[in-house]
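These notes open a run of structures that come right after.
Consider the two complexes below, in which chain A is the common component and chain B and chain C are the respective partners.
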Partner chain A sequence: MTTVDNGVNVQALLDAREALRSAPEAAQFTWRASAKWQNGVHSTATVEKFFGLGQEQTHKSESVFSADHPEVFAAADQGITPIEYLLVGLASCLTAGVASVAQNRGIQLRSVESTVEGAHDIRGILGVDSDVRNGYNDIKVTFNIDADASKEEIEALVAQSQKRSAVYDALTNPTNITVEVA
Partner chain B sequence: MANSWRRERWDSLRLLTPNWLSRLPGHAYDGPDPDGYMTMGEVVEFIEHFAQGIKVRTGVEVTSVGPADSGYQLATSQGPLTARTVVLAGGAYNRATVPPLVLPPQIRQMTPLDYRGPGDLDQAGVLVVGASATGVQLAAEIQRSGRQVTLAVGEHVRLPRLHRGRDVLWWMHESGVWDERWDRIDDLDRARRLPSPQLAGTPERSTLDLNTLTALGVELVGRFALVRDGAALFSGGLRNVCSLADLKMRRLLTAFDEWAGVTAPAEEIAPTAVPPAARLKIDLNRGEIGTVLWATGFRPDYSWLHVPVVDPKGRLRHEGGVVDAPGLYALGLPMLRRRRSSFINGIEDDARAIVDHLAAGL
Partner chain C sequence: MTTVDNGVNVQALLDAREALRSAPEAAQFTWRASAKWQNGVHSTATVEKFFGLGQEQTHKSESVFSADHPEVFAAADQGITPIEYLLVGLASCLTAGVASVAQNRGIQLRSVESTVEGAHDIRGILGVDSDVRNGYNDIKVTFNIDADASKEEIEALVAQSQKRSAVYDALTNPTNITVEVA
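And then the complex of A and B:
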């Protein structure tokens, strides 16, 4: 018998699920990013600390993200567009889900690749037409997966990864947002 | 007797199980249409027939059950009673579950417990929330009555009425799926919360899935998520809940075929056709929607049960119907002891097991 290893410690996740069933307060996480204006429409965002399992936590290292806009927006293009970060988040969240679900279902993955496309009518953000929304009208994710599994099993992996994806939920369902000036 | 069938169901409802499968101990359907589905009146009659010769006190409302020195103290509409053992068999559908969303005041809100038929509605559009058995049945009926229905679809269980010419519940029954036991199931909590499959008992034995509803003119939207500025906001995840339901249905039908050893291809079932751009928002102040009908599930009512056996989520603590208090039992709840537990057909085996346990304790 070959052992399926996608590098996901599913047992730890299942144990956590069991432990948090009786300790919902430990399941309350707060993710944080802090952003700083650089110049023009260029900003940098830093992510290092978060809260979870009842205490402050720190990533192994701080990550810094540069966000700007492309030259066709008359900007300096010193980083990707903020709305592209949503695609990065969605793709990586779904990919992590595919790997985890595959591990849990005993499916060995050989490669998982995806492309994400967000259809965006920029007349919204430019205020050209008030009927056009600011955000994406539609997002399409296409997975190419090579694994020891049938087509249906692979489709089920992808469906289940959406069902359990934080970013998929954050993008498909409304979220209350409070923005304040400190 | 048969109070909820008599008083708490809409007029057109029929059982989801075919007549031949709606069996009680020593009492089976012997009419001319074994493949049909009983109307509510027929269900009431069926149960009344079964009860002939059994000592039943009818018309007694139990208003309270609490602990007593050696058993339980009951308050009823006909005075107090004491009992050494009590079997809770009031069912799991006593109250309609309605999500805590605040709708504009001119929107009429109904639950399946208030609804009797489309004649109860005005002519405006109806937003039916929930696409399990209740939601799809009411959506179809209301759309056919000439009112525009929008159906908010969350996770659901899709099933064809017939598979290879036989009722899909025949397959559940015969293949052993319905016999899966509560103590052998991976995620019992999930199994007990599983919504009723998209089935309807109609004389035509036809399938009632989202494709049927779309063909009737029903508009599909995603799960009803939030009301903001008077607008209903729906999830953009409609495609995935439909994919999940399609995949699970195919997996189940394939398992039936494997059990039966059939390899010839079955009738092709089209994947759920999801509208390319399902609406994410409907302004509830524009008059398009006059009524919101919450088909968002039911739950049991234990407000009269003064024994600490209900968890914070309102679920009864029991092991296969043996409730977590001496002499207290339950019957007729989803996945109580088997997948068939919440069907009329499931009561016999469950009742025998419970009565054995109960009798051993006397």
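And then the complex of A and C:
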């Protein structure tokens, strides 16, 4: 018997699924980021703590991210644009899903690469035309996967990853956002 | 006359609005990220090039982001989770908007801080209950702003930022995503 090892602890995830079936309150997570304006449209966002499994949790280390606009928008380009962070989240979520599903199906991965492209008509955010939306018009993801599996099995991996992806859902379906001033 | 300086070149943005009114094709941007699976659910995403104003563009430097799952998900926590990247994008987009609108309205900002919280029932992604969605149930943003302005003017700044935010729109409204295997 060949041992497939993609580095995903699938048994722990299956155990968590069973444990949370009878403890839905433990499944309620709150993820957080805090942002600080620097200058112009440049800001930094910090991610460290979150809530889950009934208690406060902390990432192993604090992560800080810079966001800015590029020079073609007359800004200093001290970080990627806010909307590009959505592509980072989407690509990494689908990639994690591919690895998890492959592990669960006994498929050894060798490499998984993807390109994500978001089409954005900036007339929306600039207020040129109120019929143009502010966000992406559409997003295209292209995977290149080298694995011990047929093309059909690889396509099925990707399809299942999409089906269970938190970020794919968050971008393809609406979420209510409340914005308050303290 | 007091000169307000939030570091935003509003004139360039107003000029761009006028220029793009008669050149909608130049307003078509494509933002990109490419991701590479590392091990387990750990991946890295790279952002450097994009297309806009009719030609290929490059950020001043390449940015690389790590995504992983935390230790409570039996992973190595070598980066924030993919879904947390959405909060980074949302916080930084609304912050950039507050700075731009404040500049346009002649309001001097002293500090802008925000906290973003996303409520996530992980029974969705674990497949415990098909009635639970994979993404966020809701997101709450709280701003703390110190500026030369009344509470009402500050609330109006935040409201206008929301109205023109690319990421706010991308999360509150659905976007079509196509996923292909090359």
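Brief remarks on what is shown
The rule is simple: the second predicted complex is superposed on the first by the 182 of 182 C-alpha atoms of A that agree within 3 Å, B and C clash if a C-alpha of one lies under 4 Å from a C-alpha of the other, contacts with A are read in each partner's own complex, and residues count from 1 in each chain.
To be clear about the criterion, a contact is a pair of C-beta atoms (placed from the backbone, for glycine too) under 8 Å apart; a residue touches a chain by one contact, two chains touch by 3 or more.
Being a predicted model, the structure only gives us computed values, none of them experimental.
Of the two partner chains placed by superposition, A:101 touches none, neither chain B nor chain C. Looking at the shared chain after the overlay, A:172 reaches both chain B and chain C. Of the two partner chains, neither chain B nor chain C is touched by A:147. Of the two partner chains placed by superposition, only chain C is touched by A:113; chain B is not. Shared-chain residue A:27: touches chain C; no touch with chain B.
A simple residue count on chain A separates chain B from chain C, and the partner touching more is C. When the two structures are aligned on the shared chain, A:162 is found in touch with chain B and with chain C.
When the two complexes are laid over each other on chain A, chain A has residues 137-138, 155, 159, 162, 168-169, 171-174 in contact with both chain B and chain C.
Within the complex, the chain B residues that touch chain A are 155, 222-223, 225-226, 228, 233, 235-237, 240, 243-244, 247, 250-251, 277.
Touching chain B in their complex are the following residues of chain A: 137-138, 152, 155-156, 159-160, 162-163, 168-169, 171-174.
Across the complex, chain C meets chain A through its residues 6-9, 12-13, 16-17, 20-21, 24, 27-37, 39-43, 45, 47, 50, 52-53, 57, 59-60, 63, 65, 67-75, 77-96, 98-100, 109, 111-129, 133-145, 151, 154-155, 158-159, 162, 164-182.
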